[in-house]
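Shared between the two complexes below is chain A, which has chain B as its partner in the first and chain C in the second.
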Partner chain A sequence: MLNPAFIPTALLVQLMLLALLQEGLSWWSSLVLMGILLFKYISFKVQQKVRIMTINALAVMLCLLLLSQLWQQDMQDSMLQLLFFSAALRLFSIHSELQHAKKLVWVQYFLITTGFMLNQSLWFASVVFLLFFCNLYLHYLLFAPVQQNKFRWTDIRLLLWVMPFCVALFVLFPRLPPLWQTERQHQAQTGLADELSLGGLERLVQNDSLAFRVEFKDEKPAQHELYWRAKVFEAFNGQDWLPDLQRTPQQPVATPGRYQYQLVVEPHFQRSLFSLGQVNQLQGQVQTVAAGLIESRQQISRRFSYSLTSNGAAVAQQNTEEAKRNLLLRHSNPQASELALQLKQQHRTASAYARALYQYFEREQFSYSLRPPVLNQQSEVDQFLFQHKVGFCGHYASAAAYLFRAAGIPARVVAGYQGGVWQTQGDYLQVLQKDAHAWVEYLDDGYWRRFDATVIVAPLRLTQGLSDALSLSERQFLDQFFQRGFLGNWLQQLEWLDYYWSVWVLSFDQTEQRFIWLYFKTMPWLWISTGITTSLLLVLMIYLWLQRSSQSQNVLLRQRMLKVLRPYGEKADYQSMESYLHQLIQLYPLQATKLNELLSAYQRFEFAEQQEQLQQCRKLLHQLAKHHSAAG
Partner chain B sequence: MTLQMTMWQTMKQRLRLRFYRWLDKRQPASTELTLRQHLLYVFPSAYGAWFVLLIILLYIFGSNYQNNLILLCAYLLLSLFCCCILAAFFNLYRLQLKTNPPLSMPLHTYAGQSLMLSLALSHTGHKKMLSFSGDEFAPLLVETLPELLQLELYPRQRGFYQLQRFKLESYFPFGLIRCWTYIQLQQPYWVYPAPAEFKNTNAAPRQQVPDQPDQLAPYLPGDQASSIDWKRLAKNPWQPVVRQNSESGVPALPKTLIVTATGKALELQLSQFCVLLTQYEQQGESYSLHTPLNTIGPDQGQVHLHRCLQALSLC
Partner chain C sequence: MAEIQALQQLEQKLNQVILGKPQAVRLALCCLLSEGHLLIEDLPGLGKTTLAHALALSLGVHYKRVQFTNDMLPADLLGQSVFLRDTQEFQFRSGPIFSQILLADEINRASPRTQSALLEAMEEKQVSVDGLSYALPKPFFVIATQNPLFHAGTNALPESQLDRFLMRLALGFPDLQTEKLILQQDHGQSRLEGLLPCINEQQLLLLQQQVVQIKVSDALLDYLLALVTQSRQQQDCLPLSPRAAKALLRATKAFALLSGRHYATAEDVQQVFPAVAEHRLNPGSSRDNKSLSLQLLRKVPCPL
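This part shows the complex of A and B:
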């Protein structure tokens, strides 16, 4: 028999799951699931049993549908849908059979846990855990008395025992590295794109979701130094900048850097990661690639954490090939090339040329805008530099890189994020997608120096953030994307909780586990073990003493009497203590006086409650015991 | 094929016998039993095995995607599994079973009727979902334990039986772990022959004693009022006399039942005797029983009745 509370609870759980896992379900599967749950609700209300044939037919149909969609969908989403279908159909088939209900609980455990593939933020995770415990409750109902639908205290106590054990396992249980590659093919990438068009970052700037969060250990760099490098673009086709990196990893410098920082990256389904300038040391599942960039070993499909140290210094030149590659100009912008040559004649060195470019941007009254006029001519750089003179960081970066290359100085465009907002509660830096930025690196003396025209055009962008750098109308234009409700604002306040959730729970990995084990090993085990043993002994002694004192004096006295008098003769069960003593008096005339005294003392103590007789009893017993051993 | 089957079955039978012998040494039959560590067996159930598979799958899944929360769920389920081992054990541990036979007479029933066997349970606190199963009674699932548990034993043929070893198991909580034990309680019981239909009583082999002429005797206190000779009382009210007929007059001859039949007739006779014996006992007569095995002298009373019935059931 199935507990009557089972089916309604299971329906509720699946409904909540349906709402929760929307992200991973296609529209048609949500619709079908909704339908199944609705039908189940109705059939439950009218107590109508569903025929197993109907369910099997439905299952076959859904499987075929899933198969037809398989090529357009991600493997992981298909699995999620398959699991959900099986759970819903299983629920559909349950009437009062325990067997089906057991299977349902099993599948639901799996399904609920799969929810963590979609999102791991604190809020989402707490809902998923809530559902998990609901399923645990369903599991409990299966094996509990039918009429009972509440947890009893003993069961709650069991769950309380489970918790510390679970935490210990989480912290100490050995972890495996990934067994096989799990890249999501059909997942749309977010964050920085793989190419940069002239005005390419505008869309990203309208997005205020989180990109990553950083915590600095000791020293924090100044706000205008926070250039988070993510991608380097070396090939220019006249419109877009494309990556042209040779995959020759650049070894990091082994000396520790000034800044030690840990990053927690939101999933963006790419492999590129963020760093400040030249990376000195790295920790976590990351590796260095060309141009001083770092990359994850796997596509980042969950919150990911790693630590770096760096000085924030310029990235070193890797080889001569790199310099040559960054001089190529396949497309011509005649006006810009002419300007570059002019400036180059006046300013021989690369750094002097860069200073001249800064001056040029300042002198020519360039301005910063999120909505620049559309570039529609063949030579886009010329149109931007000499016609519109209004643009966004993408425009400035690609124009500046062109001007460097035209003057014979190797230069490339770097995309990443600039700045971030310091969170007061958490003391960490939060970098949003709208902090996306693009700048230029030019080669000078074997190092790639940074050139960012935004410093001149919109200096507030670096120190205050983007919205302060914009005009009022543009700021309003931008703010319309960032409207949050009351709840959103409130959750924003608690953002730091989510941060520590990701630092302590989500990014806990083998490295940290090893640290904990090392820490355990170095602990003074001798002292700890002696401490534990003595305290255990103490507790035991106190326990025994308490037990002893809780027994009354009378019981103790009787026990002692029985023990001492046993050699004289056993007391039969039916005998009272008095008759036993009388019997002994008759058996041992030699001891009769003592035994008589004992009897009267015992009676006085026991019945007249004369406490002083206890001593007398003990004394007599002692003498009797001694006498018997002497006689024996 | 059949040979193989029988061999397999005999093998199974022998193993079972061996196991029971081992159990007999471990837990000799007793009237009172407390379930201790050495009697309880704990092992994952089939659902528990599926659960372990779930944990392994989640662990692989979690490690492959390096997803800590999935791992956390796997660990949560694993620790639940481990704690269930203890919980299942404590669900039976220290449970005390005691046979609770009626005090006045031996535990008995009649052939073809079921017997209610009651067991007194103590230390039942928080113990739930226990199932009793054995060869002698229908499986019984007890959700919350009562003080006194009634087991309905299947009807059996006449004879003397000993309560067989039965199984006590529980899957509580979560059904992942099965904790069970085989219990042998010292509880003998008798199955008396089924009483025959009542109409046969007149055909009973009862010696018809011819009526003797009435004899008169002086009235003594305790004589039945109906036997007073009222006519004489009217004549001489100071000396009441009672009429004594032969039956009550001479000390009544003890009824004697002799089991003589064999084969099918034996069962019939036994059933008839069963009825007669109870009848005699109700009428307060003294009776004796001869069976091929032994003779039970003339006597009366409940103890005597049960001795006779027991002798009948052993014929």
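This part shows the complex of A and C:
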């Protein structure tokens, strides 16, 4: 018999699931699911049973529909929808079948956890937990007596007891890498584009969302040193800068670096990752690729964390091929090429040339704007350098790289992020999408030196971030409201929580586990104190347990007796144990000796309070139970 | 230990006299051990008086028998002061109540006035005549018999007075085999002849002390209280008083002693319960004089 509260609660859980998994569901499946739930609710209200044939037909139809949509959606979402459909239809068909209800509860547990495939933020996780508890309640209803719909205090206490074990399991249970992985095709790509045209970063710059967060272990670099390299564009086709397709992996130089830092990257559905200058050591599922860059082994479709050590110094030249590659230029901008040659004649060395370029940008009164005039397709660099003299980082980087190459100095465009905002609560750096930046690296004496013309044009862009470099009046109002008010404080606290949720919970993996283990091993006192605390707790628990069981030992024994003896015959409620056993003795003369012994031991234990008889009772009960199961 | 053996011997002997009623015999003994008075109620000819006599005889104490009639006065029972010419003063001539066991035959034939005189003596264990109190001997039992109330010429004992009796027993008809045996062994002489006391006064007092020391577990007390409480919640019977609860506990203990145990069990409670409770639950007697207490027993779950 199913608890009458089961179906409404299950409906509520599925409705919440529908909201939770919205991102993974297509519009029509959401509608269909909504319809099924609504219909179930109505049929529950009017106590109308739905015919199983209708449900089967509906299931077949939905399967076909899903199949037909398969080529449009990615696999994971289709599977998610299939699972959800089956859960909803199962609920649809349940009337009072306990067996089906049990299955439904388990499928719902599974569906709830799939939520983590879509989003991993703390807020999402708390909703998942809420849903989990709702489902737990549903599970409870399966076994609760019909009149008993509420959790009792004992149930809640049991839940609390379990919590430490959950945490221990989370920390200690071996973390396994994913058994399989599905790539999600995400239309809305965030992050840096795969090519850089003159106005390419514009889209990003307007975006206020989080890109990644960094926590430095010891030393923190100065604000103007925070150039987060993500992509290097080495090929120029006359208009756009493109990444070089030859990837020759480069091993990190295993020397101690100045900065140790951990990054938590928001999903951007690419593989590229961020680092400061030359990388010395890396940790986590990351690898090095050409040009001193690092990337993840998989597309980053969920929050991802890794640790690096780097000294912030310039990246070393890899080979002569690299230098050659970065000299190739299509002279599509004659004026710029001419300027380059002029400057080159005056300044022989690469560093002198770079200084001259800085001076040029300063002298010619270039200015910074996120809304520069639109450039023609032909000779964009020329137009920018000699006509408008207005642009943002993409323009400056592109133009500068052109000028370097035209002068015979190997140069490339680097895209990434610059700066970030320090969060006071957590002491971590928050880098937003609007901090996206592009700059140039030119080869000088075997090292790729940084050249960022934006420094000259908009110095504030570097030291204080983008907002100050832009129109101040509007931004300030918003900043004041968000950063100093009560709401701002609160939001900052939440962000801080979310950050540590990522650092401590989401990115907890094998390496972290091993790290904890190693940490333990190096600190014997920690070992010992943990051991002592754990054993003390254990002793306390055992003591409490014994205490409890001694109080109710009689009750426990009586329950056990009833359980064991029930197969022999039922005891009437009002019957005393003695008359019950006498009745059994009459029924089972072969067991008379054992039953008589049990009776006398029980009487002595129960009424004469001779504790030592308990063992005897248990022994006899064990024998009686065994005998019955053997006979039965 | 000797007294326990003597007790068992006593029970055995009684069973040889009262054939086929071991439960009634045990309950009667139980009543005496717990220092309570016994009321035996049944139809004439079922052996009430024989049981009472056998008990009195085998206990080896001083006993007297009084046949109650409707014209009997309290003085006939208690005794009276007589003026002695020689000494020119009153002297108290004690009545039949001054004995260790009083057999009050057909108690419900006496007038209420006589009945209350007896019942006062039962409770106080003393007799007041002409402003002077005379203590009754120790031990002091009253074994009363009565006919069912629907019989002609009876005065029902009021509830308060019934309550003074620890137990009300009914013997009931013997089964066929027993009755046959009774007929076969009828050789024209009473079974009571030749019944010798097998327990002395000392031993009886000792046994009564042991009853008090019988162990009663907490859970068992709870069960006993549950029974009493149940009677108070029920509409169709009178509630059991705390005195009744005390009586139940005493009888339970005595029953345990009679079973040769030093601890009482739930079964003991259930065995004595009808005898102890029925006349308190249902003062008007009926033929089937266990029904209410048995119903009550069935209503209270017994986990023990």
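Note that the second predicted complex is superposed on the first by the 483 of 632 C-alpha atoms of A that agree within 3 Å, B and C clash if a C-alpha of one lies under 4 Å from a C-alpha of the other, contacts with A are read in each partner's own complex, and residues count from 1 in each chain.
Note that in this section a residue touches a chain if its C-beta (ideal position, glycine included) is under 8 Å from a C-beta of that chain, and two chains touch if they have at least 3 such contacts.
It should be emphasised that the depicted structure is a prediction, and the values quoted were computed from it without experimental measurement.
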* To do: Applying the touch criterion given at the start, work out whether A:N554 contacts chain B, chain C, both or neither, answering first, second, both or neither.
  => second
* More residues of chain A are touched by which partner: chain B or chain C? -> B
* To do: Please work out whether A:D218 is in contact with chain B alone, chain C alone, both, or neither, and reply first, second, both or neither.
  => neither
* Asked: Does chain B (first) or chain C (second) touch A:Q603, or do both, or does neither?
  -> second
* Asked: Who does A:E612 touch here: chain B (first), chain C (second), both, or neither?
  -> neither
* So, A:Y574: does it touch chain B (first), chain C (second), both, or neither? -> second
* To do: Report for A:L158: first if it touches chain B alone, second if chain C alone, otherwise both or neither.
  => first
* chain C-touching residues of chain A, taken from the complex the two chains share -> 554-555, 558, 573-579, 603-604, 606-609
* **Contact footprint of chain B on chain A as seen in their complex** => 102, 106, 109-110, 112-114, 116-117, 120, 125, 128, 132, 136, 139-140, 142-148, 152, 154-155, 158-159, 161-163, 165-166, 169-170, 173, 175-180, 182, 285, 298, 301-302, 505-509
* Structure fact -> Note: in the complex, chain C contacts chain A through residues 215-217, 219-220, 261-267, 269-270, 297-304
* Structure fact -> As the complex stands, chain B meets chain A at residues 47, 50-51, 54, 57-61, 63-80, 82-84, 87, 126, 128-129, 143-144, 171-175
